[in-house]
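Here it is, the structure, as C-alpha cells.
A, B, C, D, E and F are the chain letters, set down in written order, and residue numbers restart from 1 in every chain.
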Amino acid sequence: MYKNVVRALMVGRFQPFHNGHLSLVQQIFEECDELIIAIGSAQFNYIYKDPFTAGERILMIHASLVDSGIDLSKCYIIPVVNDENNARWFAHLKSMVPHFNVLYSGNEFVMTITSESTIKQPNFVNKNEYNGTNIRKLMVTSRNWKKLVPNAVFLIIEKINGVKRVRTLFESDSDPQRW
Amino acid sequence: MYKNVVRALMVGRFQPFHNGHLSLVQQIFEECDELIIAIGSAQFNYIYKDPFTAGERILMIHASLVDSGIDLSKCYIIPVVNDENNARWFAHLKSMVPHFNVLYSGNEFVMTITSESTIKQPNFVNKNEYNGTNIRKLMVTSRNWKKLVPNAVFLIIEKINGVKRVRTLFESDSDPQRW
Amino acid sequence: MYKNVVRALMVGRFQPFHNGHLSLVQQIFEECDELIIAIGSAQFNYIYKDPFTAGERILMIHASLVDSGIDLSKCYIIPVVNDENNARWFAHLKSMVPHFNVLYSGNEFVMTITSESTIKQPNFVNKNEYNGTNIRKLMVTSRNWKKLVPNAVFLIIEKINGVKRVRTLFESDSDPQRW
Amino acid sequence: MYKNVVRALMVGRFQPFHNGHLSLVQQIFEECDELIIAIGSAQFNYIYKDPFTAGERILMIHASLVDSGIDLSKCYIIPVVNDENNARWFAHLKSMVPHFNVLYSGNEFVMTITSESTIKQPNFVNKNEYNGTNIRKLMVTSRNWKKLVPNAVFLIIEKINGVKRVRTLFESDSDPQRW
Amino acid sequence: MYKNVVRALMVGRFQPFHNGHLSLVQQIFEECDELIIAIGSAQFNYIYKDPFTAGERILMIHASLVDSGIDLSKCYIIPVVNDENNARWFAHLKSMVPHFNVLYSGNEFVMTITSESTIKQPNFVNKNEYNGTNIRKLMVTSRNWKKLVPNAVFLIIEKINGVKRVRTLFESDSDPQRW
Amino acid sequence: MYKNVVRALMVGRFQPFHNGHLSLVQQIFEECDELIIAIGSAQFNYIYKDPFTAGERILMIHASLVDSGIDLSKCYIIPVVNDENNARWFAHLKSMVPHFNVLYSGNEFVMTITSESTIKQPNFVNKNEYNGTNIRKLMVTSRNWKKLVPNAVFLIIEKINGVKRVRTLFESDSDPQRW
C-alpha cells in the first residue's frame, strides 16, 4: 500500500488448492506485482463440500507457492469467513485484506457489486478436471487425483490423512454435528 | 506440516504492529523454523482501541517483516475473529492456522487451555513504551510515536491517514455506529 | 398505539412485491385502520430465491402503495431479519414492529405460535400466478411478468436491472460467495 | 429510485425521538424531496441506554411526523441492526434502505467511510437539551422531559409506561438477562 | 468430577427420543456410573426435521428415564446449540457439559476429532425402525409410531399435539419464517 | 408436562452456585413439585465475572442438590445462552426449558416481559454474603469463601483449581482473547 504496486486479488474456497489455481496465480504474476489469495468459507471444514480447515488450506497454498518458486514476500494468503448478506460481502472482504487494484473473478456478481477495482477475467485452464468438486469425487472413488494438485498439496493431504476424511464425509453424507 | 519444521505461533491484536512485536518475531526465528502471526479481534476496526482493519494490520506486519529481511516463505500472517466462548477459543484458533509446535504467550490462560503445544514465555523488550495503548495515546497527543514502530508501519499509517483516524476515534469517544 | 386504531400485520419476503400482495393490502384496509408490512428474510439478497435487498423491497412496496392511492400515514414497511429459533420468532417479530391487533397469515404455525392476536386468513387472489417463485421463473425464461406486479415495481426492477440479476443468479446456480 | 428525487438519509438511535430530531427532519425537507430515517441499534431494548424496542421507536417517529404535517409518502422509517465490523457498516446500511443521494451526519467516520454520497452537516438545535441521554436522565430524576419531545412521543411513552421502564433500568443498573 | 466416577456422554438430536435411545442409555449404565445426554441442534424447532423444542426434548428424555427406573441423580440432560465450525465443535461441546471419560459415538468424525476420551461404539438395536426420520414419517402417514417410543414420550407428544405439528411441517414443506 | 405438576423456574448465572441459591431451591420445593434451574450466560467462561464453564456450573448444581438430599428426578438443570434482544429473551428461554407454571424472580423486567406465568419473589437469605460477586472477591483476596457455598461446590472448585483461575482472571483484568 505504501509503495506503488499493482496488487491483485483472487478468491476461492480451495478445497483443495489445485493446478488450475496455481496456474492462475502464475498468470496473475505476469500482470501484477503482488497477489492476495482470499480463502472463502473459512469457517467451514469437515463437511464433504468443505473438508479442509482454513489452516490446512493456508498451508497447502503457501507450500505450493514456495515449491513453485514464487516470491512469498509478494503474496498474502488470507482466510475470510462468509457473510450472509451478499450486498455487504464485498465491504466485508475489503476489511479483511490489504488494499488491491485488480480483482480476478469470473463471478458476474462480484463484477456487479464492485465498482472501484479493475476486474479481470481469470483464465482457468482445463476447468473440468482442475476443479475441487471433481478432485473430491476422484478421492472418493479411489481414482488418480494426485496429478491435478501441486505436489505440496498431495503431501499435505497424505500427512493429514485427507483422502480418508473426504471419503468418510461422503459416505456418512453428514457432518459431525448431525446425529 | 509436510516437512519436519518447528513452527511457532504468536498472537496479538497489533493495533498497531510495533518494535516490541518485531523484536519478538526476531527472537522466535532464533529458536524456530517458521512463524505464524495470528491477528486477533480481526473483525474490529474504526474503534479507538482497535483503529485498523485486519487488512491494514496484515499489510503493516507483512511490510515490516520484508523490510527487516525476514524470509516471508517462513511466515504466515493470519487474521482470526474472536470467539465469545473462551473455553472454545483455542480450538477455534487451531482451525484457522497451520499446525504449530510452539506457542509464545505470556497469557496465563492460554497456558491453561492448551495442553498439546510447548509454551514459551515471550520476552517483550521495553513493554511500557512498545505497547499499542501507549502508541495510540502518543498519536492522540501529537507526540513522537514514530520511533516505536517499524518504518513500514509508520509509512502505512501515514498513507491511510491513520493518526487522524485514531484522534477522531478518541475524541468522539464512540464508534461510527453509535449516534 | 396511543390512539385506538385497529392495526394489522402482514408478513412476506416480497421477492418481488406483486399484485397478489397489493390486493391483500387493499383487502386489509377495508377491515383495519393501519397496516404493518413486515419484510422477512431481510438480510438475504443476490440469491436466486432472494434477489432483491431489503432496501429495494421497501422501495417497491412504498412506491406501489403511493401509486395505488393508499395513505402512507397508515402504513409501516419494516424489514425483519430471520431468527433461526422458530419458537422465538414471534417475539423477535414483535420487538421490531409497532403493536398490532390483527395478524393476516395463512401459515399454520404462525397461528400456533401466536395466541394474543386475532388471526385472519388472507385471501390471496390467483395464487399460482401472483407468486414470487413464478414471477422469478418468468423473468428467467423471458416471459411476461410485468402484468403480475404493480407498475412501480416494474419500473424499479427495470431501473436496477433486476431481470438480468435474477437470470444471472439462476444460471450461476450460486451466490456471490460460493467459488 | 425510479423517479428523479433527491433522497436524504439520517441515522440515529432515537431513544427517544426528540425535538432536535424533528427539527432536523424539517430542515432536511427544505433541502430534499424524500427522507429515510434509519433507526440504529435496532436489536437493543430494555437496557438503560436503549430502553425502547425498534417497533416502539418506529411508532414514535411515525406519529411525530404525522402530527407535524409531514407527508409520510416521502418518508421511510427503517430499523437497522448493528454490525460489529465498522468498515463494513456502511455497506450493511445501504443494503437495508432505499438508494439515497444525500447523507446528513456529523459523525466524522461516516464521512470517511462513505465516498459516494453528498454529506451534509446536520444542524442540531440546542444539542445539550435535545439529547437522548439528557432526556433519559430527566425521566429518572422525575424532571420535565415532556417539552423536549414531540407530543406524540410523550403520549406513546405514557401509554407503554416508559418512564417507569427507564427508571427501573437505571436503578437495577442491569438488563433482564444479568442475574 | 470430584468423585472418581466413570461418566459417559451420548449425543443426539432426539427428534423424538425413542426406544433405540433408551436402550443405549440402559446399555451405557451397565458399563458406566453416570451419563450425560447432550441434545444437539438445540436451537432448532418447528422444522419438519427438528419439530420439537429443546425444552420439549428435555422433558421427553427426563420422563422416559424416570419411568424406566433410572436414577436421575446419575444423569445430566443438556441442550447444546450447533457450531458452524466443525473443527471447533468438540471444544464447544466440552464447555457445555461436565467432564466425561467415555464417549459413545458411531460418528467417525467424532472419533477423529477427539483424542482424549475413550470412545465406544454404541450398539443401536433395530436401527431402521428406532430412528427419528422413520418415526416422523410414520406420524405423517398416520401409522403406528407409538410402540417405537417410550410411553412418556408418547404422552408428551399427545399433550403438545405433536403429531399435528409434524404433519403440518411436512405438508407446508417450510418453516414458519418462509412466506 | 404430561402430569399435572407445578413446575417452577429459577434463573441465575451461578458463578458459583452458593448457599443462597441452595436455600432458594429448598424454599421452592416447599411450594412446588418440580424445579427448572436455568443457567444464564451459558456461553461465557474464563472471564473474571464468569469464570466457570456451563458444564462446570451444571456439575456444581447437580452435586449440591444430590448432597442436599433433593430428588433429582424433580429437577432440570439447563444452560441457556444469552440473547442480545431483551424483548425476545423470554421466548428464547421458554424454547430451551420444559413448560413451567411459576417463575421465581426479583428482576422487575422479567415481571414486565412475562404475562403468562405466576411470578413469585424469591426470598434470598443474607444477600450481601451469599452473592457471586462477593465470593469471587473473597477468592481473590484469599479469604474464607468456603462456608458460603455447598461443600460439593467447594470440592469441585478445588478439583478444577478454580481459585487460581479466578485470581488470574482478576489480576490480568482481561480474558484470554485480549492481547
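Criterion: contacts are C-beta pairs under 8 Å (C-beta built on N, C-alpha and C of every residue); 3 or more make two chains touch, one makes a residue touch a chain.
None of these values were measured; they are calculated from a predicted model.
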| item | value |
| --- | --- |
| Chain whose mean Cα position lies farthest from chain C | B |
| Chain whose mean Cα position lies farthest from chain D | E |
| Separation of mean Cα positions, chain F and chain A [Å, integer] | 46 |
| CA centroid of chain A to CA centroid of chain E, Å | 37 |
| Multi-chain contact sites of chain F, meaning residues that touch two or more partners | 45, 53, 83, 85, 87, 94-95 |
| Contact graph of the chains (line, ring, star, complete, other) | other |
| In contact (per the touch rule at the top): chain pairs | A-B, A-C, A-D, A-E, B-D, B-E, B-F, C-D, C-E, C-F, D-F, E-F |
| Interfacial residue positions of chain E with respect to chain C in the complex | 43-47, 53, 165, 168-169, 172, 175-179 |
| Residues of chain E defined as touching chain F within the complex | 1-2, 42-43, 45, 53-56, 58-59, 62-63, 66, 71-73, 75-79, 81, 94-99, 152, 155-156, 158-160 |
| Chain C partner contacts - residues on chain F that touch it in the complex | 83, 85, 87-88, 90-92, 94-95 |
| For the chain D and chain B complex, residues of the former touching the latter | 11-13, 40-41, 82-87, 89, 107-110, 112-113 |
